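Following: one structure in structure tokens, then a few remarks.
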């Protein structure tokens, strides 16, 4: 199965990269893009066929390796 | 002759390139701000190293939109010599002035050290003073210098002899341990089809004075000074470099 | 509403609260309480350390700026000043290693460019727990990547540093960063607010809720609950800082600027009050004008936020447009947030309504100062005892080592009991070889290439001694000169004897600079200690400062600034007392720079200074015998001074090819290091023995690995050897020719007996892998 | 509206970050995680209330700025 993990900076944490991208878009004339937040995205190929198991595994891996709990939070999708 | 050194917000080797051109080689040099709209009469344009726009998003991704890049493109089309060093190389890739893209170093770490480079082609304005097969020792300093081109693009690059420098061991032999970033075909520098635009990850401006630990970078500057001094006609094509 | 819980959360003691009420003549509101709490925190007020720091020597004819400003400065000739300072970022780096270290670099760079200096070099001094403990590697990797991420991006080379691994730092890693800048001596800019009616400007990143109470956090111990107290982590934005740096330096070219300061610890609060207090003026701001990243921020939050990459400027009235134009060029928007007043008050308004009003003086000069009680710690009597006879029973012979044929360098399992490993009983042949390899392969002594290869150490094309080759050296373009920089400190020495340990740290930093051929000019210090409210810690602190003072006086390197980091404790266990000293020295001729590595086969090797086989507190005892005991080496500061003067003379007269000081691991390690990075050039030497015990093997080890101070190995062309020995004799420095370079072996005879006989190739492989091997698997 | 843009390396491009994470997970005992690919994730706040418009805008921005077509492809979600 495949699990997708989205890691983003917690809302209170400053995201200079997103900020800079937004500024760049504004100067290119994309004023309608009000804000940008940048995060990481992981696709995990898992040797399991059960969604619940896949989700649990992805969560464990996200906790331990993919996300930095001090500044980041994550979300998981499984299909 | 006049070097024009483009300064993007976040460039940080602009002063080094300027120092090399002006103080070491005694040439005219001008900084060109990225919002400027002309190249101030530059005979050769350098896009220096650094972290333009912080290199946030992707290296070079935002610099390509700077107003000055239109002028740089027109200069390239007129046949003017352009050298992109490190971040400058990345900007040339993102702008489409050179083919391919950069990935993060295979080790995922920034690497600053001297490497050995084999000169593959000498019919560019920046390598005309070298000999094919000559080995240079020049420093690198980058986190994203892992050059990549899809296989068909790569084949074209090789058959057009657009690979200018490769990472090798001190004897000029290819060797995976001597490839500092994982670049495909150990590519350290390439040129465009018309051969007037060169992008290189190593920093020749850091190797122009013996006090700094080596002078192998001088060749790059000497080449372009000589080439331009020789006048507008192109140097005769030299022998084809070693095949990969 | 201000009850004891509120006070406690603000780290204020009841008597401190009484003083606050006296100053105000009323109860403070919460915003004012917050302002007091950060300004009176240990971090900003130096309330425990101030009385001691006052004793340090801070003057000298070379000193242009002593402590008290954002950074110190010394005269380096040609009308130029070297501006430098060191700063700690310990607790933030433990919480989030990458961002903690990165923002530490950002902070120290701002301290330098606020002085009107262009930053040209960085150094870092790091301490972690043992490298074979799992958590260490994550911290090390994050901290190094953070320093690299910020410094590389902004384009300031990291040209040197140091790292040590000791269990005492496991829960409290130390991240100290040093920055050097160059300014015109006449143009040094200060952090003052003066001239009633002048405009106060804010420029840089927007203010968010990050790092609120960072300053008070830096002043409180960690405990199990600190995980919950974690304030939002500050994220560094090196791109913003690069813009600020360039724009501020451009603004400083005009004379429109009165003063400037960065918003570091305690942010807007600290910068407004300190600038006002230095200028004997008041500052009035309206926080409604402060650019905000988050909505509905309170005055309290805005005043205490520690968002990074922000600067406060005082601009001459009438010159505002000029300044705004320069910032605009860099896509930065300078915002007028207030003005300088005559009443000496910090007055904060919110859309015109006063929300805080405090006399500046109450927040700065009148902040509490404590002369905290001190007592000599109890552990000292025990650890100073060093019974060498015990070692000879089960020490030396017990090294579990079977060569490096497996491709891995030797390593001792830190947690294993070496005694049981030695039960085989018989003497290992070549045990001194083994001990040397153990030392070379230990993380503290081994090559730091894995670290500094991640740092851009060449940008700005000034670096003429790279990291790994002794002191970092940068030439000064436009002159003949160069500056040599070194940061040093040995926490273990200071744990065993803080007074002597501190003197040794100053001596080592200055000696490293002198080895490069530079005359030491000035020093900065970062004092990392435990909880000062404990008398034993306070004693360590006081003794350390005394030691620094004594050494700086003797070596004529005044202290021009520094930083104190207290409360480095986890669960009541303090780190080793760790002063880190940064010394800046001047080379009159850049091209006469000297580095550690041997130059040429057939050169004579001369030892300057004398070894006494001092093993107390040595790496040898720690690595080979798992012992932290004894007194650190003795030091005679006059002899040290003579040695350093001699080194400068020898370099200036181009008499030597290399110079490397004997420190961690003693003469044998130093000699090996001189051979490394030479493509395998060896050395053949013979040194006198020492007699410290009855066991001959231990005597040999003491001669090889003892860490007696004030010793340097130099290599010279044989024809110059006599000249060098003569110069040494004239300078009253003991000197002896001990052998020559060449071959591909390192051979050391002690008292006529061959003691070490190793292939350089093998030794270098072990040394190179010391740190790298822990990360090798991570390479894709 | 908010648009989410996922940028991933094309399958033919070696992904050093994904590889390193996969190796790290294996050495931590997560053998069931067969492969990892790392990408970037952007949240764009758009000053528009129409999904189709939002999607078109996000695609334009992704084409021009967020993804490098030589090595990357992207996917967009709008809600």
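Of note:
Each chain gets a letter, A, B, C and D, in the order it is written, and its residues are counted from 1.
As a convention for this text, a contact is a pair of C-beta atoms (placed from the backbone, for glycine too) under 8 Å apart; a residue touches a chain by one contact, two chains touch by 3 or more.
Everything numeric in this text was worked out from a predicted model, so none of it was measured.
Of all chains in the assembly, those touching chain C and also chain D are A, B.
Between B-C and B-D, more contacting C-beta pairs join the chains of B-C. Per-chain Cα centroids separate chain A from chain B by 35 Å.
We define each chain's centre as the mean of its Cα atoms; on that basis chain B and chain D are separated by 30 Å.
Multi-chain contact residues, meaning those touching two or more other chains, occur in chain D at positions 16, 20, 24, 65-66.
In chain B, the residues that touch at least two other chains are 53-54, 56-57, 62, 106-108.
Of all residues in chain C, those touching 2 or more other chains are 237, 239-240, 331, 778, 780, listed in ascending order.
Chain B makes touch with chain A in their complex at residues 53-54, 56-57, 62, 65. Remark: chain C residues 95-96, 99, 205, 208-210, 230, 232-237, 239-240, 293-294, 307-308, 331 touch chain A in the complex. Listed in rising order, the residues of chain A touching chain B in the complex are 16-17, 20-21, 24, 27-28, 38. Interface residues of chain A facing chain C in the complex, by the touch rule stated above, are 9-10, 12-16, 19-20, 23, 68, 70-71. Put simply, chain A touches chain D in their complex at residues 6-8, 18, 21, 24-25, 28, 30-48, 57, 60-61, 64-66.
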